[in-house]
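Two complexes come next, and they have one chain in common, chain A, joined by chain B in the first and chain C in the second.
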Partner chain A sequence: MALNKTKRKNNELKVALAGNPNSGKTTMFNELTGSRQHVGNWPGVTVEKKTGRDSYQNYSLEVIDLPGTYSLGAYSEDEVVARDFLTTGDYDVVLNIINSSNLDRNLYFTVQLLEMGVDLIAVLNMADEAEKKGIKIDKEKIGQLLGTPVVETVASKGRGIDSLLAETVQHRDLSEAALKIDYGSEVEDLISEVVSMLKEFDFTSQINQRWAAVKLIEHDPEAVKLLEREVGVSKAKKIKSLIAERELKAEDDFDNIIIDKKYEFINKVISESVQRPAADQEPENVSDKIDAIVTNKYLGIPIFMAVMWGIFKFTFTLGDPLIGYIEAFFEAAGGWLGGLLVGAGISPLITSFITDGIIGGVGSVLVFIPNIFLLFLAIGILEDSGYMSRAAYVMDKVMSKLGLHGKSFIPMIVGFGCNVPGVMATRTLDSKRDRIISILINPLMSCSARLPVYVVFAGALFPNHASTVVFSLYALGIVMAVIMAGIFNKILFKGERSHFVMELPPYRFPTLKGVFIHMWEKVGAFIKKAGTIIFAVVVLIWVLANLPLGVEYASAQSLIGQFGQLMAPIFEPLGFGNWQAASSLVFGILAKEVVVGTLGVVYAAGEGGLRAALTANFSPLAAYSFLTMVLLYTPCIATLGAIKSETQSWKWPIITASYLFVLAWLVSFVIYQGGMLLGIGV
Partner chain B sequence: MEADINLSESMEDYLEAIYNLIKENGSARVTDIANHLKIAASSVNQGLKKLNQEGLISQEKYGPIKLTESGLKAAEKVRCKHRMLYLFLHKTLGVSQESADHDACRIEHALSEESFSKMVDYLIKNNYIEEQNCAFKMKAEKEEPKMAAEQLMLDKIKVGSKAEVVKIESKGRLKRKLMDMGLNKGAKVEVKGRAPMGDPIEIKVRGYSLSLRQDEAAEILVKEV
Partner chain C sequence: MPLAMLKPGETACIKKINGGRTAKGKLTDLGFVSGKTVKIHRSSGGPLIVGLGDNRVALGRGMAHKVIVETKGCEN
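And then the complex of A and B:
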């Protein structure tokens, strides 16, 4: 009954995969499409749109993996996407992936689709798990009761895929009536009255009218909006007031009655077609046993800490050598190409553009890749194994005290490595409010790129307390994050209530294929999206460092140097009002570790000489104030690019960049002026 | 106990408006209430202050207005009176639907306990209302306080105990979400455990594990089995 069905050739089919989360939908998608996948975004939102191709006999199938959803009453962005596609999208058939060992809740969604009149195949997936649990399903009977074809599969082992494809390409008679559940005389009378009103008002005939009536009666806001659009506000009001008037006299709220009747229907279907073992003969539940340890009162938090530490270690210990190789490769490539170009008589300016600008710029993007790769590998394993939702469960109390959600801890931990994947990891959050706040405070997690700056300064000016200084900076970042989360919580999203009604899926062994596909998608998205923005800015900065024509790269006379001179007075009250420090901060927006490199260039000193230059130019207090600035100020371009692509708006990167600059200035000001007053480190 | 609170007419209107707004939009704000009742926001604020003193609503600073347990009961009672009066006027006296609704709106505030109770008896005796109607619930609560005592909120259920859902008292989106996840009337739940810091909790419902925060569980009425 898809609304916008476009005409396709006879042997082309558009197939949508829909179902509850944790029903094996993505595994099924990978099984069907293999490597012929394309990942993009749904228009206007950051929800991933995954499509892929498959062929069967002489049919060509386009497969669309819809985000997992529990019902058509949409809550998160993901669910809205799935719902909009299913109610108005362009497709031929829906493969409804059902977790066979959890039929009650999975069929709730199936029933909603069937009521809509969707051409649907019920796919009883994870049939092996159900078997293990001793659940016997009579699939002919279920199919008969639901009025839809049923296929049994085990997507993770490739079982039943052929019969599923054979069923998919069958031409079914679409004129067959949609599933009708008896909602009791009270509601049924109202349904027929609303349906006749809809007919009278010429409500679109492309939507099943009974389904629309039921949706209106249960006060579905989207259905009301659609009605108002289609027939106008005044006619819609007539229907709405009829429903409201009846509800006043009804024995219960209509939405309660409708949901209760749906479950009643499902219970009937299950009792007639499914045999379950008696409660005492149920095989022991491994997930419950693991949970007893992982969420244990005393062990829960230490285990969580250990896992986070493990991810962090895994990502950065394995990743850093690879980063070294990539850096070395780009340096060598730049040097080699530069030599070649100069040798060929190319002008130094163009040579510098290619080596410093393009190769340097691309290199500054690509160095993040090993970390992102490993990080998302680790996150993929955690997600697929089922631990991720337990970690959120264990941490929710602490996080909600900070005005955040249990799941917000992942982006924060990740941010200590690099803010780019940190921002990307906020995707696991459902509510927009939780997500935006987590993004805004992520740059306050001191990323690994800032560490070289701390190390150089601490070594030069606090040789005896270097580690204390570095640790204090990390702590300062966390304190600021907590404070800012509290402030954003108050000013940005007043009183919006987030909830923690979340499934804790059974533990599973992650499959290599699933984890790798997951990881590849994330890394590909990073290279594509962030890459374009970062690349453009890198080139811009190179241009500014070389203009006006003929100046020395990044010298006081270049536009960047002039900009540094212009900015220097702003930093005067913070104790480092010289153009060198100001320029290094400007370059630091490119990538935080560049601060050190720039200081080296502008003080015209090598690594060893830099220490002397720093000791000569900074008092310990000014140095600490400068480090505070480096910790807190405007994040690097890569992070801002990630924020832009994750929020789909320029608003949030601009807010992040500006609030952090102001915050950094204020905190540094307090530290420097406070220190001056007390006479510390002058 | 709700009978002890003597509410003025406008207070009852406020309660009804808040109840309806929460039901429709999931939340009630001062401006919404003002629009709903077509009065100035400043007088709404005064009224809310009074309701707050009576312990019928709670409002966090700048947050949405919530009904407390006794506030919810009082609001349901006003609504129930409205329904009963409507039925009485329309079904027994043959008053038109529109007038019955309008008059019910005016009379509901002035109706005494005694008249209300007698009217309900009459409606029940003559089969104008079916079982499970709100009037039955109110009668049952009054006559059998013991029955009500066995029911408690899900957050009070001990780890390892089983219960059956009686009613979801949340409103708006949260209520829908809970029901979509399978927590509707009659669903059997088992409390499996608590997070290390006591919140959230893990329950088993319809064969799978679900987590809920304490304050979410505190809106689910259950009876122990």
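And then the complex of A and C:
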């Protein structure tokens, strides 16, 4: 089929990966292109289109990874991305990634593509799991029945990739004719009438006309819109009333008949090409056994909390000694380099730039690599195991009290890594209202960028209770998210709730490769961030700390000092009215790690170490109040940008930024003033 | 009767899917179609977990009321 296919050179191919969620598309994409896109064992990991390149023999391939979708119905934003690309996009062939051990539901989507006339290769992925279940698929037969080439693969082990590529480059518009399913005389008669009306009305769209007719009979809103655009509202109305008229006379709804006939066709294909063991001979289902415990009414939530606590403990107890080493290294390096530079007669300004600016600022942030590394290792294992959708199931109890449902919990877990993908993950929710609420509360999930701030303060001021203090912040974030979701649910808008249906994939052993790819990607991003935005801000702050010329470095008279003093009164009632804290918060909006970077520069931490400076300048109570502020206040610009682009309006990022600042201020105020009254930590 | 009324361990045959376009479409997408056998794995106040063949699907109570089943089981 040629939709908007542009002319390409003979040896260039544009290949799209499409299929049900969690069927292994991104795993395949990474395998083909050498990319490191996010893979996870739950439906809805990929929510946007990604492009990569591959070459095979003398062919050059452009490969596109799409969000997973169960049909072309497109009920949520991620599915719209896939549907729009598949129905109007520019591509040569679709690699339809199919979960072999779940053929009937996967083929429901395949059949829809084939009816549309898409050139596709049926990729029977997860062949290993089908084998384990004793499912035998006759490839030749299934290919013959569907009219497509068939390749068997195990994307996670790289099996079958070569044959897939060989098939892909050979595949050239073989099947001009789209698949035709017999919908029974009643519907078929109507289809032919609608098709002839489409012809009469000059429906010139490149779309297959039979397919368009079926879509119209199903009352597909996109098809109706397209028709109205193409032939005008009045002619479109004629077709619509013909369909309505027939529907009145019919016994069953046409869309029911169409669905049933599709499944009838699929069942026929499967019965002729697939063999599976009798029910009593099937191997026992381990996932069900795990689920019996994990999703238990009473154990579910305690187990979830234990998992979160486990991740947290893992990140800290293993990370702490490592941080100590790196910190010691940077301090030693700062001192040694400083001495060396001064000794060599290098100007004090340059010495200060290197020790206070680079080592004090960027170094203070880089110290936390071990934590970032461990946190993402743990998140990677969690995501690959299949537990994510169970957590969503278990948390439904809490979420439904807030007018949301369990699926809204997945973006929140993603937010613990970073709020930008967290905000994007809300695309899988099918109601606008649920999406907006989920977006608004996502920044309350404490992301990895805030971790360095907590760790450095907790280590300096609560050396004996560091991990309890940090864990309390994570918990505070969740509690605030719950409260705010409840409030937004009441005041914001009524509107339809999302529909809660979610697949629970089988538990899978996290692959070393999958987990490490994820982790390296994140650690790499962290280092890159340290080398770019954090570096740039730190340099800026160092410059501001040295201006106006001749001022004492990082004194209250320097530009940064003056700026901080301007802001400080806002934070005075919260216990940290010093200019250093104030300016670090303001710059922290650029990226939350910058809070640490700024403090590192203004306290000249390259020499004495940041912890000592913090102990000297903050009381434990003020520090806890400051950390609360860092947890809750205005999200970083990247998150605000994501909110802007996801909601297509400035309204929501502005609301998010302001309500969070007010919330943060109030909570910090209560903590600090309350603590003062009770005389705790002063 | 609606799927939501069944007890854990019971199986039934799907007869009909009610509901608006989105609800019905999403259910159909996940394989809730007439003539299919469903098994209840969990049903305890909150969402259900049901088995459709090898598949496990979590289903909100509201959605489970839209799936009409017959306890007699499917013919085949």
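The working rule: the second predicted complex is superposed on the first by the 354 of 682 C-alpha atoms of A that agree within 3 Å, B and C clash if a C-alpha of one lies under 4 Å from a C-alpha of the other, contacts with A are read in each partner's own complex, and residues count from 1 in each chain.
Quick note on the criterion: a contact is a pair of C-beta atoms (placed from the backbone, for glycine too) under 8 Å apart; a residue touches a chain by one contact, two chains touch by 3 or more.
Only a predicted model underlies this, so the values are computations on that prediction, with no experimental measurement involved.
**Student:** Return fit or clash for chain B versus chain C, each positioned on chain A through the superposition.
**Tutor:** Aligned through their shared chain, the two binders clash on chain A.
**Student:** For the overlaid complexes, name the partner, chain B or chain C, with more touching residues on chain A.
**Tutor:** B
**Student:** Go through the superposed model and pick first if A:S287 touches only chain B, second if only chain C, both, or neither.
**Tutor:** It touches chain B and chain C both.
**Student:** According to the stated criteria, A:D430 is in contact with first (chain B), second (chain C), both, or neither; which is it?
**Tutor:** The answer is second: A:D430 touches chain C but not chain B.
**Student:** Answer with first, second, both or neither: which of chain B and chain C does A:N371 touch in the superposed model?
**Tutor:** In the superposition, A:N371 touches no partner, neither chain B nor chain C.
**Student:** Is A:H499 touching anything from chain B or chain C once the two structures are fitted on A? First, second, both or neither.
**Tutor:** both
**Student:** Applying the touch criterion given at the start, work out whether A:I301 contacts chain B, chain C, both or neither, answering first, second, both or neither.
**Tutor:** first
**Student:** Based on the superposed arrangement, let me know which partner A:H405 touches: chain B (first), chain C (second), both, or neither?
**Tutor:** second
**Student:** Quick one: classify A:G73 as touching chain B (first), chain C (second), both or neither.
**Tutor:** both
**Student:** Could you say whether A:S584 touches chain B, chain C, both of them, or neither, answering first, second, both or neither?
**Tutor:** Neither partner.
**Student:** Can you tell which stretch of chain B bumps into chain C once we superpose, 44-52, 80-88, 98-106 or 188-196?
**Tutor:** Of the stretches 44-52, 80-88, 98-106 or 188-196 of chain B, only 188-196 runs into chain C after superposition.
**Student:** Determine where on chain A the residues touched by chain B overlap those touched by chain C, and list them.
**Tutor:** Touching chain B in the first complex and chain C in the second, residues 70-71, 73, 75, 101-102, 104-105, 108, 219, 256, 259-260, 263, 287-288, 291, 295, 297, 389, 393, 396-397, 400, 406, 499-504, 506 of chain A appear in both lists.
**Student:** Over in the complex, which chain A residues touch chain B? Could you list them?
**Tutor:** 70-71, 73, 75, 101-102, 104-105, 108, 219, 245, 248-249, 251-253, 255-256, 259-260, 263, 287-288, 291-292, 295-298, 300-301, 389, 393-394, 396-398, 400, 406, 490, 494-495, 497, 499-506
**Student:** In their shared complex, at which residues does chain B touch chain A?
**Tutor:** It is residues 23-24, 27, 60, 62-64, 79, 82-83, 86-87, 97, 101, 130-134, 173-182, 184-187, 192-200, 202, 206-213, 216 of chain B that touch chain A.
**Student:** If you look only at chain C, which of its residues touch chain A in the complex?
**Tutor:** Contacts found on chain C: 16-17, 21-23, 25-31, 33-35, 41-42, 44-47, 49, 52-60, 62-63.
**Student:** Where on chain A is chain C touching in the complex?
**Tutor:** Where chain A meets chain C, its residues are 70-71, 73, 75, 101-102, 104-105, 108, 133, 219, 221, 256, 259-260, 263, 285, 287-288, 291, 295, 297, 389, 392-393, 396-397, 400, 405-406, 430, 499-504, 506.
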